[in-house]
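Presented below are the structures under discussion, each in the form of structure tokens.
Next come two complexes, and both contain chain A; in the first it sits with chain B, in the second with chain C.
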Partner chain A sequence: MNDLLIILVVLSNIRLLSTSRIESLITWIGVQGVLLGLFALHARWVHLTADVFVVGLVALVLKGFVFPWLLRPVANVVHVSQEVDPYVGPMGSTLLGMVALVVSLWLGTRLHIPGGDMSRLVVPATLFSVFCGQLLIVSRKKALSQVVGFLAMENGAFLLGVGTLYYAPFLVEIGVLLDMFVAVLIWTVLIRYLDRAFHHIDTDQLQHLKG
Partner chain B sequence: MTWLLAALGLTLAGAVLAFALGSRPVACAWMSTGVGLVAALLGLWPCAGVLAGGAVATFHAPWAMPLGELALRLDALSAFFLVPVFLLGALTALYGSTYLAHAVAPKNLGLAWSAFHLLMASMVVVVLAADGLLFLVAWELTVLASAALVILGGDDEANRHAGWLYLSASHLGTGFLLVLFLLLGRETGSLAFGGFGAAAGLPDGLKGALFLLAVVGFGTKAGFLPLHVWLPEAHPAAPSQVSALMSGVMIKTGIYGLVRVVFFLGHPAAWWGWTLLGIGLVSGILGVLFALAQHDLKRLLAYHSVENIGIIALGLGLGLLGLGAGQPAVAALGLAGGLLHVLNHAVFKGLLFLGAGAVLAETGTRDLDRQGGLLKRMPWTGGTFLVGCLSISGLPPFNGFVSEFLIYFGALLAVMAGPLPLTVAGLLLIVGLSLIGGLAAACFAKAFSVVFLGSPRSAAAAAAGEVALPMRLAMAALALLCLLIALAAPFGLEMLARVVDVHPAFAPAGASTIGVPGPGMGPFVPVPAGSLRHLARAATPFTAIVWGSFLLAALVGGVLAWRRHLLAGREVGATVTWDCGYAGPTARMQYTGSSFAQPLVELFHPVLQTEAHVHGIDGYFPVRARFASHTGDLFLRRFFQPLFHGIGAGLGRLTAFQNGVVQAYVLYITITLVVLLIGGLW
Partner chain C sequence: MSAAILPPVLALAGAPLLQGIITRTKAWFAGRRGPPLLQPYYDIAKLLRKGAVYSGTTSWVFRLGPAAGVGVAALCLLFLPLGNLPAPFSFEGDLVFVIYLLALARFLTVIAAMDTGSAFEGMGASREMAFAALAEPALLFGLVAVARQTGRLSLEGLIRPIDVGDWAAHGATLLLVLAGLFLVFLAENSRIPVDDPTTHLELTMIHEVMVLDHGGPDFAFVEYAAALKLWILGALITGIALPVRTGEVAIDLAAMVAGLAGLAVLVGIIESTLVRLRLVQVPHLLIGACSLALLGFLIQ
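Now for the complex of A and B:
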């Protein structure tokens, strides 16, 4: 069951790479969030304590529902529905994603992390999520796509935290989730202002601000 | 050591007090003078003790600095370098009590005095430090304090430029020193000087690298050509009292560092000596040539500092060659000559810069060709300046002669007794040093005659008067020292030998005398151990010099008395100089500095590359004509400016990476991380 959830996370990452529609990006990062939340709860089901339960539940709610709910109105307000002219298109990104998957699997065999009784897929999946997030940030121009890329990277880190450590400090996990929440809030505001000031949210145009 | 710590504490307290008293210039000046004089008295006492054969003093204190230790050590070498620091520090403070207010904007006076004391304190620590980290910290403080003084020396673009150039050059040099000390520390286990002696046993290649690092790093401060470029900019820009201190003492901390490190490195390879000899010849000859072509009195003196540093390097180079070739007599004389020249140069160059400051204060310009006839108006300044000129030209009976004589003596021994390479080195040195001496004499003939002889070339020069008493006192004291050092030379050899004995090759092992076979297989006779055995050879000629000096003084006195006798009862007329029988002469018909030096400047044009701007008379009717010449620094223009321009252009291309595209920046980070990850897990 754990492995199934991890594979679904990986697939959702590929789905993120292969779309150019903002709406779809937001939907799928939400799906990924739900998957992660489920994974967090299920992976520790045997040792489930109150704090682990809280972390898993908060993650599920935040990542799965709150973030998409915050981001979707922004996409509507700024009238951006699609990446028109990304540096690397959906097709290219997907192919690069395949390369990244192979690299991640290889790195996963080399990288040994304590807590070995977890699934062997955790480390490659983590690396793959981080790579996918970075790929999204680097290859897309719209600020919203990059927010999603960042969330995907963070999801990778969350996967590692939940997947390898039974007793990850509650404060750390919950703190990171809180940070993420604040970050997404700020971004939604920032992107609205960006749109109001420049009438677009293309981050590549920001270089015109260079003195 | 207690006395020295007291001097140090007093100087630091002076720095704080001066800052606090900034709004009351008179109180600030007198407080500073007092601090300078008392600190010198406190500091010179233990130095004299160690030089007279006293025990080495040390001081340790814990310091909350990783790898560092607050360790001070006063041995003969430190004591020898501390003497000019304290002497010149006190006299320049005395001079500055009336001078500094002319040179620095009133609002900056407190700051300038504060930086002055800080410079003094940091130099004392540099010379005393027995720990690499402490040394570097003090070294940096020296740079910062003196750069502040250079910038405070005037309110214009030129000062800021000079300060900037000085800071950049010094920091480049310090970079080399950092590597030097880290390497030394790695190889010997700690940054404490006490352990650096173990560096003598390192492999030759590593020792050579350390030597080169020291030459570049310390040479930047000392002013070895072509690392001298900051000197002719910074010295004229600083207030004269600070120029005196910087040129007389501060650049010598570079020599101190070099000597200290070379002494750590033990037995030198032959090419070390050749390197220093080459640097000395180039610095000496080119330094004096560039000096010859200058119109700015302080700039001229600054180039002479390069020349004298060259002479010091010649002495040290000969010493290293002697050590390498197993000729202790040559080594002892060369090292002693170079080291003694450090002290001598501090005294006469300090004197000359103070004299230049007095001229600047009275006439308001450093331009040689706007001076003239000042000897009658400023007899004290003129007289002492003349003593400085004679000393720096290496003429007896003044101190410049004594140290150059030791170097010549060593070179002669090398020629007569040494193996072939040493003979060649000795010959080169003798030829080079003679050329330097001759050119220096020509240059100071120009400087002194244009400034002090003839008739005034400007209204300001005509209106000049003698400077205030503290300034005169400081100059007179230095002039007296020029003479005293030369006269005391036969008795000072023992002290000098103690300094040279710091080198492990000379260090006397226990006994102060050793036995050598007497003449004709006779019984053993005791002779002093260490370098004194070789230096003692110079005692006889030195004594002859002293007697010769008295003879010379009697002769000059006699001629003067005779002249007075002949002129008694006659009317003495006065007229302009160099009127050549022309009916309506003016002061502008006199030789200027440029015309005086023109034949020599022309001869060395390929090196100097003086630019002449001539607007001659080429029509039938008289028109306005003008002539101007300018000699820039060859190395700054042809070497450093193209070099840094090239570096700048090369780095400019890298800005393509900083393109402002967020995605690109993230990509850099990603690539770096992935490469590191894959590299780490390969």
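Now for the complex of A and C:
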């Protein structure tokens, strides 16, 4: 079951790479959030305490529903439905993603995490998520795609934390989730202002700004 | 040996029936009664009674295509097990051989289409080759992923040992492989969402474009070869998907035939509920199939 959830997370990452529509990027980062929340609850089921349960539940709701709910109106307001002219298109991204998958799995066999009774797919999946997030950030131009890329990267870090540790201090985990929440909140405001000031949200145009 | 003769005989006799089931399912979804289940047989029989017309610009290549296509597809059947029923012939590495035979059949269709000198058919040929270049790796990765678990490189050694225990132990891999193979199955047999087998009007068709100039017995051969291909890829999928390995010939056979019929119904449902993808999006789908199969190959 754990393996299945991790594989689904990997597949959702591939789906993120293979789309250029903002709407479906937001939907799929939400699906990934739900999967990660389920994984957080399921992976620690045996050692479940109240605070672990709360962290898992907060992660599920926040990553799965709140982030998409915050981002979707922004996409509507700024009238951006599609990544028109990315540096690397969806096809190229997917192919790069497949190469990254091979590299991640190879690196996963080299990198041993102490503890070791968790699924051996955790490390490769983490590396793959981080790579996918980075690729989204550097290859797409719209600010919204880059936010989704950042969320995918963070999801990778979350996967590693949940997948290898049965318990982390409550304050640390909930603090990270709250940080993410505030970050997304700030981005939504920032993107709205970006659109209001320049009538687009292409981050590559920002280099023309002069002080 | 008696059980080994069953899969090819069954395939030769039953292949067009799968198409009949697909058509019937689509009709049922549309609220029509639909043609009889045996309609593909009637069509082939009718075409075989007709005479063939050959354009003056075509050569022997054009006439060779359909007949050789059926021959090559029938050759594939000799290496194809049906679930627990063994194939008549089998050697280590025959899965690569069968994939190459399928490629050869495609090559024959394409070269026959090119031989007509029609720009329209050339366009279809180019599309077929472009998509096949993406579908083939997915097929190969999918089969090799299963081969990696069973440790055998023949189709028989690959499909026959899959039992319930394998599904319990490597369910994730097998599911990924099945998903990849199913997409290849849809693409290679020109079904929706890749190609629409019923259209003859649009500029987006792929397989039907290439066979426009074939008529009479030649077209019967083309249709029959297409039916065999549907059966071959379908039997691979059913063999992996249904871990029924009782050893009783009757039960194993019934399970596989039911599986193939179920697959045909599933295709019919997909064709009734999905629309065809835009042509530029087909590569995305096939790359998706590749990634599924590759993922299945890598995680185990």
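Following the convention adopted for this analysis, the second predicted complex is superposed on the first by the 209 of 211 C-alpha atoms of A that agree within 3 Å, B and C clash if a C-alpha of one lies under 4 Å from a C-alpha of the other, contacts with A are read in each partner's own complex, and residues count from 1 in each chain.
Assume contacts are C-beta pairs under 8 Å (C-beta built on N, C-alpha and C of every residue); 3 or more make two chains touch, one makes a residue touch a chain.
Bear in mind the structure is a predicted one, so any value in this text is a computation, not a measurement.
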Review point. Which of the two partners, first being chain B and second being chain C, lies in contact with A:V138: first, second, both, or neither?
Key: first
**Study point:** First, second, both or neither for A:V84, with chain B first and chain C second
**Key:** neither
Practice item. Could you say whether A:D204 touches chain B, chain C, both of them, or neither, answering first, second, both or neither? Key: first
Check your understanding: First (chain B), second (chain C), both or neither: which does A:V189 touch?
Key -> neither
Exercise for review: Give one of first, second, both or neither to describe whether A:L4 is in contact with chain B, with chain C, with both, or with none.
Suggested key: second
Exercise for review: Applying the touch criterion given at the start, work out whether A:L121 contacts chain B, chain C, both or neither, answering first, second, both or neither.
Suggested key: second
Check your understanding: With the two structures laid over each other on chain A, which partner does A:L111 touch: chain B (first), chain C (second), both, or neither?
Key -> first
**Study point:** Partner chain A, residues of chain B touching it in the complex
**Key:** 659-664, 666-667, 670, 674, 677-678, 681-682
Exercise for review: Note which residues of chain A are touching chain C in the complex, please.
Suggested key: 3-4, 7, 10-11, 14, 18, 90-91, 94-95, 97-98, 101-102, 105, 121
Point to revise | Touching residues (chain side chain C, partner chain A) in the complex | key: 171-172, 176, 283-284, 287-288, 290-292, 294-295, 298-299
Exercise for review: Can you check the complex and tell me which residues of chain A touch chain B?
Suggested key: 87, 103, 107, 110-111, 131, 134, 137-141, 146, 203-204, 206-210
